[in-house]
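Multiple structures are listed underneath, in structure tokens.
Same chain, two partners: subunit A is paired with subunit B first, then with subunit C.
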Partner chain A sequence: MPSPDRRRFLSSAVLGGSAVAGATALGSLAPETAFAAPRIDLDPGARDPNFAEGRITAISGSLLKVSGSDKALHRIYVTHGTSVWKLRPTTFDEIKVGDGLYARGVKMPDGALAADAVWVNIVNMDASITAIDSGRLHLDHHGGKVVGHVVNGTTAAVYNHTPAISDLSGLQVGKHVKVIGAWRPDTNEVDIATVYAGI
Partner chain B sequence: MLEWPASVQPLFVGGTLLWSGGLKVLGRSARRAAERSALPSLVGEDRALAAYRLTGALELALAAVLLLPPAYVAETAAAAVLGAGFLGYLTYAKVVAPDSSCGCLSKRRTPVTWRAFARAGLVAAAALLGTQADVWWGGGPPLTAVLLVAEVAALVALSPEVDGLWLLPLRRLRIRMRHPLADRSFEMPLESSLQQLLASPAYQQVSPLLRSGLRETWDEEDARILCYTAEYDGTAATAVFAVPLRHYSPEEVRVALVDESTESTLLVNA
Partner chain C sequence: MGCSNSGAPAYGEMSWFCCGAAWGPCGSAGGGACGNCNSGSHQCAWPNASAGCFNITRPDQCGESLSRRTCGHVFYVTSQCSGACVSVSIADCGPDTNAFCGERTCCGSACASNRIIDLTPSAYSAIASLSTGLSPVRIDS
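The block that comes next holds the complex of A and B.
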């Protein structure tokens, strides 16, 4: 299905329209169905087989070759059902060699991971703001300098656990913040997705 | 010619050494500061704290003879040697242990940067100038006080440890007058829709079926559409959520489970 038609179909399915005929109402979704997903029991301390992390060393077709920080090598398949996060929800072609990733999915018999979700270059860091200029936060992260880029249309701020807004004028120099963002590989720069701050 | 500016240098260098030596000897977090510095790789883990304290004691002793009369050339000469030695130590730290803290004038962790070099250079140069003094600093003309203030200002400007006392308040003031990030367009950020989604009964009912993270999102008139991959009755499906775009009411969030391969809707909340 071409993309605009597909989106129209999905929108009308949820917002109401002809496509809903024949569907089960959510009320009948029994807990047994909802929780029927197979549970995986792990020994404490065992490596989670359904998780992988590392730097991407090669991309061939829909296969990512990843070198883990513990030197483990992973092969990760990305399908059309895989979610890809790189600063925002995005598509497979945004993934580049050299990116870091976290992937969650299902281990296949051949040892590769069929990914359900992939987070590319995601960072979560505590820092304090040392300076603000137009489009950038200068951050001190445990003594190291990090430049946080504000991305129009994406960067959001959460003040005191209230709903996220795009207004960043509550950020103050000297204050502590938590930043979720996408690292620019091999630099000390991140693009900011969300910054959590107190006012 | 050099006598009057030289005469005040023992006071400046002595004061600086009093600050840094006192911190090394009496500071409560001296152990941590020593561990973070480049000393462990220079003298070994076990001797780092002892070396750190010894340096501090040396600095204090030198500070005492510099600040008290009479003035001997040997005192400032020793301070100049110490300053040169410290420049050497910084170079070592930068080359061998670039992640270490300089461990100089505060318990705060401060990486070695050009400011650390400039500051050490300032102290060494002041000490060198001080060797030209022939009288104790107590008897200098009033102009020496101006020079002293300028030197202290330069020392403070080059000390990242005290940025919190002057630089950050200055930046805070500038931002209070005009915030550089104030003129951004108003848009409902995705994060806000996600917060609303996670709080919604619809999401809580369906979440055990979800397999992926957020796959794609777009805006319809009053709703933001969010798609996830789900598994329902053993088949792959797409969970489509509609979250109110312009107001916060999680109970209004709607969901449909759709089989995209057959273009059929499996489940909706009505």
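The block that comes next holds the complex of A and C.
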């Protein structure tokens, strides 16, 4: 089981130049390890220096260049120790220019972020269902229309007490839902990972 | 006070939300009820941030008795999955607790019911993976 110290090793090794190859031999981090750190000492309300968000403007090797929504520019290193999510746990080659992301890692002395985890195009939407048709949920998200695509083999529903199941027949027009999914960049469409159905 | 040492903690589900400048469907989220909410800061939404907020979220309809806490109030949120803790300040109203009354989330043997707090992506990702969407937590004030 990888330890937080090992995570720090992977991150700090990024600046060493041969870090990506070195990380390959060590394997990736289990999610429970990446978030097993103790107390996060940061003033409440303060900007987190170990977190970044924005749109990817360029990919160079293992480096993501990201333009933050607040216009800040970020450089984010992805190693073989970085967990990557894009609709599902996936790999670096699925990341594309134009994707949105959230990233958490360790800020390096040169200002780059060595990523422990990257969530690509992830959304968590509060919405109500306005229509259901073949393979799609039509959603009202704060007054805007969003189309949610059902992805066979991936999309799951959670109905209050139930575990996640692939049966979406319990979803109803007019009902409130929360949707974890992956945005299709520059559209009002998302691919649905999990839909949580309220009462 | 701090993580896991207050006299009357609250237990429930946490989720996450975006606010401030953002991309995708989050792009219109704005600065939240307190006007200073930002996805990159350690902040939260609380269902009883004001009387008007409470009238929307109605955690009492799910049997939750949550104290009135206003903009800037600090909570310590501890994941029941990882044991990790993060401090957050109130920046918005939410979640819509009564829309999911009775919902239950477990992490091993640790379970919690009802959505009682939403964290910004930076805060949530400090103690859990964003892809989980929901997680059981303890909240100290």
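To be clear about the criterion, the second predicted complex is superposed on the first by the 153 of 199 C-alpha atoms of A that agree within 3 Å, B and C clash if a C-alpha of one lies under 4 Å from a C-alpha of the other, contacts with A are read in each partner's own complex, and residues count from 1 in each chain.
The rule is short, and it goes like this: a contact is a pair of C-beta atoms (placed from the backbone, for glycine too) under 8 Å apart; a residue touches a chain by one contact, two chains touch by 3 or more.
Because the structure is a prediction, the values reported are computed rather than measured.
After overlaying the two complexes on the shared chain, residue contacts for A:Ala193 are found with subunit B and with subunit C alike.
In the superposition on chain A, A:Trp85 makes contact with both subunit B and subunit C.
By the document's definition of touching, of the two partners only subunit B reaches A:Ile165; subunit C does not.
In the superposition on chain A, A:Met125 makes contact with subunit C only, not with subunit B. By the touch criterion defined above, A:Gly144 reaches both subunit B and subunit C. Applying the stated contact rule after C-alpha superposition, one finds that A:Asp70 touches subunit C and leaves subunit B untouched. When the two structures are aligned on the shared chain, A:Ala117 is found in touch with subunit B and with subunit C. Residues 34-35, 37, 83, 85, 89, 117, 119, 142, 144, 193-194 of subunit A are contacted both by subunit B in one complex and by subunit C in the other.
Within the complex formed with subunit A, the subunit B residues making contact are 101, 109-111, 163-164, 168, 171-172, 175, 179-182, 184-192, 194-196, 202, 205-206, 208-209, 211-218, 220, 223, 225, 227-229, 231-233, 236, 238, 240-242, 248, 254-258, 260, 263-270.
By the touch criterion given at the top, residues 3, 15-18, 20-28, 36, 38-43, 72, 74-75, 79, 81-89, 91, 95-96, 99-104, 121-123, 125-131, 133-134 of subunit C touch subunit A in their complex. Residue ranges on subunit A touching subunit B, taken from their complex, read 1, 6-7, 9-11, 13-15, 19-27, 29, 33-35, 37, 81-85, 88-89, 116-117, 119, 130-135, 142-144, 150, 152-156, 158, 163-169, 171-174, 193-194. Those residues of subunit A lying in contact with subunit C across their complex are 31-32, 34-40, 42-48, 51-55, 68-71, 83, 85, 89, 100, 102, 104, 117, 119, 121-126, 141-142, 144, 146, 160-161, 176, 178, 180, 183, 185, 188, 190, 193-194, 196, 198-199.
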